[in-house]
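This report concerns only the one structure given below.
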């Protein structure tokens, strides 16, 4: 999937952004990325020992971090020491991406230009932003809104009343009516009487063969991306928070919720109304029973159920569940 | 409620669909129905011993089934033995109903024709498919989409941003803003890298006096129908999966979820955020506490709460719940 | 926030409404309000000993109540004794406010009049009812519907596909795509075969700096109002039922549900998918873990988790939750 810049960026010299620091090169065109995605020239952030292993291997040139954990960063990475990493990151993002902290409605929307889309069918009142791409044999239902720079692959079926922004979508994807994809997630620095809204500059990447049922909300990544893996199916009213990465061939039943930044493996089955807390790892081939509350990591091939989720066998034993009477 | 064919059907001779079988009459106009609804000339399917009692009484002429359970079918029913009943059924449905496996947006939508609807009021930008029926004194709010062949009774109040497809609705029904009714449910045969989408050819039947609050999703039946009984009320954000049948005079609070094919009796009360697993029977006059997870059948008149749901008295005792401090 | 009458009112003399009662002044322009909001000349209702303390202090001139609890009302308040307070109240409201028992779509909607809105930006196909107010520098996204008499403050960002009715909103409020605000809640008197719909004449008050994420439903108050306090943030798919009052500086994560009439303090944090039962009090600075089911009042500064919710320490001990393995 090709890279797209969804958010307007201001070029500001790094010496102006961090006046107390000294920089060898006073760059302004650096990108801000998560530890594992940052490369040479990029700025990253490291705020919790939990991400020690990613810090050790980062290739970022600059890193916002705390004095207490800076030693895990490579020597090539210049540390910018702050008190509150996430607050400083939020303020930095707001300076560089002034329009990423709120979902400002796209005011460039227009009806699809004739002759521009090859073999694409549009319902009534479809609205497209600038530079939207839609692959051949795709259909977009009535009243749907595809905001600027979104890319939709071939043979995709998008329902009615759908809103898609900040998203790159593969081919053969089905999105049912009323889904909202690529919106800003629930991210802010709590401040009395006026929270500081955390700009979210990430995207949503939806891989080939994905199916997303009606009324789902999939928020874009904060600094990295939110990702739905190939051939993964989501049922109605599923909530996927920012930065969540779901593997391929997963089946996620209705009303499941994922808090921010959790990583779900491949071939994972999740029953209806289950919830997965934030910043967790769920392994491959995991099965999670309906209604479960997952509050810690789950290793590959485990089957869990309960609130909090425990191995299914234990859950059945604890609750003396028998077959139907 | 009259029968309507929502999905385009291909007529294929049964000898071509099942070339290894021998048939007395090489019919092509048979219908595919669940065990209990199939009549003479219809094809049905029987894949689990759980439905033994329905199998014993079926009137179907043909039945897809497994060798291991075929003996429960009446001698008049011709068994078509397969390895994987649901997969063969899905492939059969895809051949006969090629457009029922995805919610292809209705591209026949138009503004309501003047003079066609007697005493019906429409908001702005309402879109109707071909052959939509709306009874007198009904109102349909702005931006709502009623797809082809949907039938709405007299005195119905449909809100704004509502999408209704594959649905037959009685009279005096209220549907609040943003409901999505009649969409394809979560049904597919899991296959690595490319699931096989199960065509859903059923409808949603909504009886008189029903009220459905904002943001609900009610999926259509797979082979049979999804049914909401008379005078049953659903609160906001309820999810009703395919084939669920809810009786009359029920009260279903906000964010409740029903997995596929469960049958709920009459006068059932369900508290907010409760979940009912698939293929269960919940009796008449049952009360289910908020947040409960129902994982087995519940007999008439029982009161349950908990995850998994247990008799309310036990739940209170186990949890030592006292009155407000 | 200024008072607005969202519902058409019929003036009926109180002697006609209650022919068996004697009244000193045969008024017809009285208002119907909750115990704590009713003033001189108003009619209120008192149906449960739970609200004894509010009854003792009410300033209402008239009160629908039961013989068994009437002694808690001040002597200046004229008691109107009935068998079923809520049913009589519902019938009274239906006579005075005949159009508040169903969300009749606003059929007065029009595109925004040019020159009428100062420094307001509108997306495509925005529809406004009569007498809608939108403050300067606000933006309203495409396909959104703002029904009659709604008031939106300055610098508000309203997304696309949003529906707002019966609502007064302060400044700097963000409402993401697809929210439904001010709809009628889940209120009715259960009657076999035809429930009696309870007219809901309250509003939704949204204070300054509030942010409400995608797909939330916030129902209006029944007789009083539903209130979201200053700088409170709601994540995606939250359900706020009628009469709920949420304090300021709260953080409510995704898919949380509030049943009717609960009162939530300030600085409250609620994790994803938690549910709060109806008619409860949750104190200031309370933290409620994700997935919890709150079934009784919670005092200030408490931290709870579980279903039913118990002190977090107990929950951890009971469930032997350890740090990540």
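Just so it is clear, A, B and C label the chains in written order, and each chain counts residues from 1 on its own.
Heads up, the rule we're going with is that a contact is a pair of C-beta atoms (placed from the backbone, for glycine too) under 8 Å apart; a residue touches a chain by one contact, two chains touch by 3 or more.
Keep in mind the model is a prediction, meaning the values are calculated, not measured.
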Magnitude of the superposing rotation for subunit B and subunit C (Cα, nearest 5°): 120
Homomeric contact subunit A-subunit B: same or different residue positions, threshold half: different
Between subunit B and subunit A, distance of the C-alpha-averaged centres to the nearest whole Å: 32
Sites on subunit B at which at least two other chains make contact: 125, 143, 161, 178, 215, 237, 255, 273, 307
Subunit C-touching residues of subunit A, taken from the complex the two chains share: 102-107, 109-110, 125, 127, 143, 145, 161, 163, 178, 180, 183-186, 188, 190, 192-195, 197, 215, 217, 219, 237, 239, 241, 255, 257, 259, 273, 275, 277, 293, 295-297, 299, 307-308
Subunit A contact footprint on subunit C (complex, rising order): 121, 123-125, 139-143, 157-161, 172, 174, 176-178, 209, 211, 213-215, 230-231, 233, 235-237, 248-249, 251, 253-255, 271-273, 290-291, 306-307, 319, 321-325
